[in-house]
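In the two complexes below, chain A is the common chain; its partner is chain B in one and chain C in the other.
This part shows the complex of A and B:
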């Protein structure tokens, strides 16, 4: 399996050096656009219980929306009979508490490192808007990590519990 | 606002400036409606557009892409698409993308209309 990391910081891939077992709260939904609201509701309920404030909840909502949209549109190539597996939990990593969301799919491998951030410009023709979803995930969460391979894709997103 | 109110609506303002109103979450459900409304305006030759975001509580990358596409189309035809009344959360999303540097964003609809007509803002 290949590993990637996103977000700020220079810590190794898979923060803390170990895989997380996020089995506290799990949810499996059809990989359809109509499921995104259900997935968001599941994640936000867990995030609220974990103590995230309203601004952090808004950021988590945006990141989960963009991640699920990417899974349906790009990993699975559109709506079908596939699934998205979601797990949430809290962990202390290197002395800091995080709310963690993990999304898994069995779609096409995806390497986020090939996606460049948007470069705003007032030049109509030069403005590129591809990769906005990944950009939002990176900006709205404290850290994101991707793993992809034959078993599918796994995305883990971290939001600090205390700002 | 009742539940049957349209999510997206358009209205002529003055001197070929059109208003595009949007209500609720600009997510995967509502974005196609916005895209359709903006395309209809472009097809009718209306290229001076003000999108009033007062009632928008959320926008994702799909919503931003539709606005950028309409802004690009309007600019190509000598017009513009400008925005007004973004709430702080929605403004935060625009800033994350750097699109607060792309769009002209106004506090008041009247300021947006004046800017689209190249008139000084009403004091």
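This part shows the complex of A and C:
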């Protein structure tokens, strides 16, 4: 992987930039909007088994939905014959348990650091609607990390198991 | 996602139920655009039955808001009774400060 970026700030990757193995379950789906419901069902089933509560499940659902939508719309430039690979599982890091979702695609990379959170405004013309997806991911998960390289794009999102 | 629309004098009430995500948001966008194209620019969007709302749904709503608030349109898109999840997503996006939000449909319709 060529680059490694944290989602909630500019700190290094949570696992020191190294790839890691989950006690994972894997799922591969066509990169189509209609497949996102299947991906969410797969992830939420694993998240329930991991013990996440209803509020955390909603946050995971939102983050996964936004991430997959971005992959279809931006990484692949629309629906086609490409794929999204999903893996999820749990891991304890420095004494804290996390539910982890990893999404991989072979689409175009991008720089997440240039996507800023929406600025508060009541002016409809000044509203920034693009980039909301990443903002939602950052706000609803405890940590997100992007990696881009020759092997494709990878997004890893973490949700604490115990709130 | 289910969408029902009805006219109350010069206000159109659009009631949405179910999931509003990247698969279904185009349908919401189509319904809202259809109203604007017919010069129906006083719109109440009832979100009480929304089980899930993503940024794709918000884009359709903001797109409509921009159209109805154009000077020659003289309208508005007002929200009624957002479900807890819809409310959370609106707040997350900061759009609760942009849309006029009412506790119920009657209040939203009566505000025009």
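Operating definition for what follows: the second predicted complex is superposed on the first by the 148 of 163 C-alpha atoms of A that agree within 3 Å, B and C clash if a C-alpha of one lies under 4 Å from a C-alpha of the other, contacts with A are read in each partner's own complex, and residues count from 1 in each chain.
The rule we apply is simple: contacts are C-beta pairs under 8 Å (C-beta built on N, C-alpha and C of every residue); 3 or more make two chains touch, one makes a residue touch a chain.
In this text, all values refer to a predicted model and were calculated from it rather than measured experimentally.
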Give one word, clash or fit, describing how chain B and chain C relate on chain A after superposing.
-> clash
Look at A:105 in the shared chain and tell me whether it touches chain B only, chain C only, both, or neither; answer first, second, both or neither.
-> neither
Check whether A:129 is in contact with chain B, with chain C, with both or with neither, and answer first, second, both or neither.
-> both
Touched partner set for A:140, first chain B, second chain C, both or neither | both
Chain B versus chain C as contact partner of A:82, first or second or both or neither | neither
Please write out, lowest number first, the residues of chain A touched by both chain B and chain C across the two complexes.
-> 33, 36, 58, 61-62, 65-66, 69, 118-122, 124-125, 127, 129, 132-133, 135-136, 139-140
Okay, in this complex, where on chain C does chain A touch?
-> 21-23, 52, 54-56, 58-59, 62-63, 65-66, 69, 85, 88-89, 92-95, 97-98
Considering the complex alone, what residue numbers of chain A touch chain B?
-> 33, 36, 58, 61-62, 65-66, 69, 118-122, 124-125, 127, 129, 132-133, 135-136, 139-140
Within their complex, state which residues of chain A touch chain C.
-> 33-34, 36-37, 58, 61-62, 65-66, 68-69, 72-73, 118-122, 124-125, 127, 129, 132-133, 135-136, 139-140
Given the complex with chain A, which residues does chain B contribute to the contact?
-> 27-29, 58, 60-62, 64-65, 68, 71-72, 75-76, 89, 92-93, 96-99, 101-102
